[in-house]
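What follows is a pair of complexes built around chain A, which joins chain B in one and chain C in the other.
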Partner chain A sequence: MDQKAKAAALFKDNLQNFLFVLPAFSIFCIFYIYPFYKMINLSFYDWRGIGPMHFIGFSNYQELMGDRLWWNSIGHAGYITLIALTFQNALAFALALACDREIRMKRFYRLVFFIPPVLSEVVVGLIWNWILNPETQNGQYIGLLNHFLYASGFPQLVHNWLGDPKTALTTIAIVNSWKGFGWGFIIMLAGLQTIDKQLYEAAKIDGAGAWKTFTNVTIPMMLPVILVVVILTILGCMQVFVLILAMVNEGLVHHTDVPVTRIFSAMQNTNRFGYACAQAVIFGMILVSVSFISKKLSDKAKQV
Partner chain B sequence: MKANRYIFWGMAKSTFIHIFLMSVALTCLFPIFWMVRCAFMTNDTVFVDQSIIPHHLNFGNFALAWTKGNFAVYFVNSVIYTVCVVTGIVLISSLAAYSFSRLKFPGKNIIFYLFVAAMMIPLPGSFVALFVLMTKLHLINTRFGYILCMINVGLSMSILLFKTFFDKMPHELEDAARIDGCGKIGIWWNMAMPFARPAIAVIVIFNSLNVWNEYILATLLLGDSQLMPLQRGLVVFQGANSTDYPVLMAGLTMAAVPIIIVYLFMQKHIVKGLSGEVIG
Partner chain C sequence: MRNLGIICFSLILIVLAGCSQPPKPSNKIILWHWMTDRNDTFQKLAQEYQQQTGVEVNIQLFAPSDAYSQKVIAAAQANVLPDIYGVLDKKSIVADFIKAGLVTDLTGAMDADGGQWKNSLFDKALADKSFEAGNIYGVTPGIYGVPIDVTNEQMLYNKRLLAKAGIKTPPQTFDEFVRDAQALKRVGITPFVSGWGELWLLDCFASNYAFNIMGEDKIFATFRGQVKYTDPDWIKVFSIFAQLRDKGVFIDGIVTKGNKYAEQDFALERAAFAFNGSWCVNVYHDMNPNLDYGVIPPPPISTAYPLKIWGSAGSSFVVNGQSPNKDKAIAFLKWLTAQDQQVVLARETNNLPSNKQALVDVSPILKDFAKGMDQSTHPNIWPLNEDPSVSEAFDKGIQDIIIGDKTPLQVAQEVQQAKDLQRSRGSI
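This part shows the complex of A and B:
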């Protein structure tokens, strides 16, 4: 075969091989790369979705820096995330520890704990919205929780959980944890099961008690897994939105706003596409840096 | 004496652990039970009857939701979207992953790392730009547009998972197929895909969950109620009939039960997928 035919064959081969990637690559370019670029680009414009676009440089970002509602919303998401990181993950870890042994009905527990995570945020939000319903009819509380509190002799605890700005966010955070702990549980249980049982034996022979074994064997061995759960929890909870929408449906003015709510409302309610994009860019940068820092921490932990 | 004490403490400990696990399990199940229970009540009884098992079961809510609540349309739409998106993801991402794993072309690594990077960078607000793009392409309010967007969501992770499987495939398998006269497409379909069956299971289950439960893009891209999936339909229904709880609960049950059934059957793969992701 001469040189030319060889080159042509190679070209044809390369082209064929690229054709395998083409569908994925074109979808990726159109629906990921382009929106990525467009988001950054639009954030420098004042644009109402239709009509003329005005280039305004960093004005959107300047306005954003002083936007109290925006920073509050980040605070709210941070609060929900904090509850998930502490309460939810501690619960998940405790449950995983409890299941990491020869115990009856282990499969049943594992099955049940992952049911809330497979339900949609809309379904979970609307179920809890109904359970937490604050209204009364004929002197009876129609929401299950308040009815239960009243009937079991704690009428002073009856409360408009989602309607009161003081309790709304915490209530949402707890429902969010209810929905989310199963993820952490499954991942941590899988992590626990990979720990070499000989390590526990060795610790026992060395005379270590349960607590010592836990802090000196379980925790260090689980650190990489725990950090993965931490990163997933942060990324997931900071972006919570649909659950809140389903639970309070904009009923509380700005008390339960999270960043995605703000982006959504800038776009849908006030038609400020440029401002919405600036919010999205800043929020994306916050998330990337948080996960980057956590990744660095986990790499360091793995080295030790 | 000492042995007795040991057994006693062992039993006390295991009882305590069971109480702990069981109470959490009940907390998981009870709200779902309550949803189903209320779906069988009427508007007159749902507010006053707080017994665990209602005295009178009413099956009409499901029919009401299905017809008057437009849930027949929502349900069919959800099924269409889930089937199309998941099929699309499996085909498109396995083709790409096969090429990344076994074939050569210039720029291969750059493109592959673009996909990996996309998985690492969260784009929480990209729906704004996506909405602008879809308007420009006249794909707003079309099934096709929504399906393409959702395929993109699952692509990166699926490519990565497929590639790790294809990398493990023995070269002898491929060589044998080639001798039998299989082309590249033939090898992908007859050798690589069956080999990656465990990966396909994980990809199908996670993407089905994701598409069935998706809300934000469905809201932005599908304004026509004839095109809406269940999740969007539920919120629309709740907004329009905020006090009709029994029918709403029937709708919620219809949205929740299929996904719970799929989960119960595919549970093994979910555990595998999640633990694999962490350890692998």
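This part shows the complex of A and C:
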């Protein structure tokens, strides 16, 4: 085969390969790359969603740097994430450990623990709204929680949980943890089941007690899984939105604002699409940074 | 090589299929709406219209209204709007749609036959999508929308609960309202509920009293930046909420309550007074057909200026400025707002009709609501509106007062700061 024919065959092969990849590549470009580019591009404009766009350079970003409500909302999301990282994941780990043992009805428990995550956030929000309802009718508390507290002799604990700035965010964070712990539970349970049982037997032969086995076998073997759960928890909780909307509507003033509700508000209430895009860019950068740091820590932990 | 040819040909077909063709006139018009409760009636009327005229009207529902609003904006950007649609946004956004050529000027059609169509509709409902000469939006003066129904927001009172507290007539003044609220509390009844988790409803109540305390000239002067929000009259407006809070008038959790929940509270007799729109007649009927209630404007706090309520077109449709079926779309809207069709809509959906002649056939409570149209106003018919960021600070500030986090003076100062910030940005 001469050089020309070889080159033609190679070109044909490459073209064929390229054509096969083209549909997937086009979809990726149209639905991921282009919107991403457009969002960054729009963040440099003053635009109300329709009509003329005015290029304003970094003005949106400058304003965002001094936007107290925006930074508070990041703090609120951080608080919800912190509660999830501690309370939610500790609960998930404890329940996964319990279900990993030979206990009765463990399949039933697995099913029950996985119900909250598969429920829609709107449904969860509405259910908890009813549980936390602070109102009374004919002298009876309508909300299940206040009714229970009152009936069991703790009337001093009856409270407007979502209407008080001191308790609203924590209440939302706990409901968010209730909804989310099932994911961590399933992943950790799967992780626990991959640990070689011989390691436990070896520890037992070496005279290790339950606590020593837990700290020297279970925890080190589970570390990569725990770090995955931590990263997923951070990314999931920082973007919490629907649950808040379902529980407190447009928010308890600004006490329950999180970044996504601020972005939504900028687009929906004030029609500032450019500013909303600038918020989205900064928020995206924060999430990428957090993921990057978590990944580095994860790699380091694996080496240890 | 044959395979390669087939692949290339398929790709070309896919690309060509994606290219948009200019729409051609047809005997079918498409209407997008967001009104779940009216969809069945719209569909029925569309079928009737097709039987009468041979023109098919394809009614497409996209709910809820927030999602609808975003869909319309996205469709406008992609230039794929239907023949008839609604712009649910602020007047400034409506103006942007008009300036982009996406809305037809209906003035000619309205004025035809001696203005027969225009005169059949409530003026204030028409004003919702009308632009006067010299408007601040730079829009050519004209009528750009067709109101399908009208709404206004007023105070509802539960007759049975008021009687239980020994109250014989609903309050006529703000002081009487506060006194009645105390009487209700004494017998264990929650005085007042509203869906103030939705900022617009709270804004509506506050602006009713702003009109009553300082009159519209001063309100618009504030929007223009000539009067500060720290003015004593504005402090009086903010103080209303502090006073009602201190007297325990509000239901618990009012600032996070969606209007659907508030409607449920009033319908199930958990509160004696409510602040809601005229669509509530339909909602309350579904929730509690035996509910015995009446309607009054919010009781005025001052005699200085008349208290104005919000009232305007409940829902309006516009005709796509780029539709090849403009004439057919206009003819359908004219038919839809004629007396017979409006009577059907009012009867089946319990909404106030936009056609004045259709009022004869509505329930007594809707007739009471309709009386309020005489003293109504609406942000969509004001010569100018407050900057949305300032409005957000205003409404959130009132929520802060209600939960006891801030004083009226603090809120007034913060709203003024938001105003100053927007002025310095040059957006006002």
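The rule is simple: the second predicted complex is superposed on the first by the 276 of 304 C-alpha atoms of A that agree within 3 Å, B and C clash if a C-alpha of one lies under 4 Å from a C-alpha of the other, contacts with A are read in each partner's own complex, and residues count from 1 in each chain.
Simple rule for what comes next: a residue touches a chain if its C-beta (ideal position, glycine included) is under 8 Å from a C-beta of that chain, and two chains touch if they have at least 3 such contacts.
In this text the structure is predicted, and so the values were computed from the model without any measurement.
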Partners on chain A (chain B, chain C) - clash or fit: clash
First, second, both or neither for A:235, with chain B first and chain C second: first
First, second, both or neither for A:63, with chain B first and chain C second: second
Partner chain(s) touched by A:160 [first = chain B, second = chain C, both, neither]: second
Partner chain(s) touched by A:55 [first = chain B, second = chain C, both, neither]: neither
Chain B or chain C, by number of chain A residues touched: B
Which superposed partner A:280 touches (first chain B, second chain C, both, neither): first
First, second, both or neither for A:269, with chain B first and chain C second: second
Which superposed partner A:249 touches (first chain B, second chain C, both, neither): both
Contacts of A:183 with chain B and chain C, given as first, second, both or neither: first
Stretch of chain C, among 130-138, 256-264, 274-282 or 310-318, that runs into chain B once the two complexes are superposed: 256-264
Common ground on chain A, meaning residues reached by chain C in one complex and by chain B in the other: 15-16, 20, 49, 137-138, 142, 249
Residue ranges of chain C touching chain A (in the complex, touch as defined): 1, 3-4, 7-8, 11, 66, 69, 73, 76-77, 89-90, 92-93, 96-97, 99-100, 188, 190, 197-199, 251-258, 261, 265, 268, 270, 388-389, 392, 396, 399-400, 403, 405, 425
Complex contact set, residues of chain A against chain B: 13-18, 20-21, 23-25, 27-28, 30-36, 38-39, 42, 49, 91, 94-95, 98-99, 103-105, 108-116, 118-123, 126-128, 130-131, 137-138, 140, 142, 144, 147, 151, 178, 182-183, 186-187, 190-191, 194, 225, 228, 235, 238-239, 241-242, 245-246, 249, 259-260, 263-264, 267, 273, 276-277, 279-281, 283-284, 287-288, 291
Of all residues in chain A, those that touch chain C in their complex: 12, 15-16, 19-20, 22, 48-51, 63, 129, 133-139, 142, 160, 162-165, 168, 247-254, 265, 268-272
Residues of chain B touching chain A in the complex: 14, 17-18, 20-21, 24-25, 27-29, 31-32, 34-35, 38, 46-48, 50, 92-93, 95-96, 98-100, 103-106, 108, 111, 114-115, 118, 120-126, 128-133, 148-149, 151-152, 155-156, 159, 184, 188, 209, 212-213, 215-216, 231, 234-235, 238-239, 245, 248-249, 252, 255-256, 259-260, 263-264, 267, 270-271, 274-275, 278-279
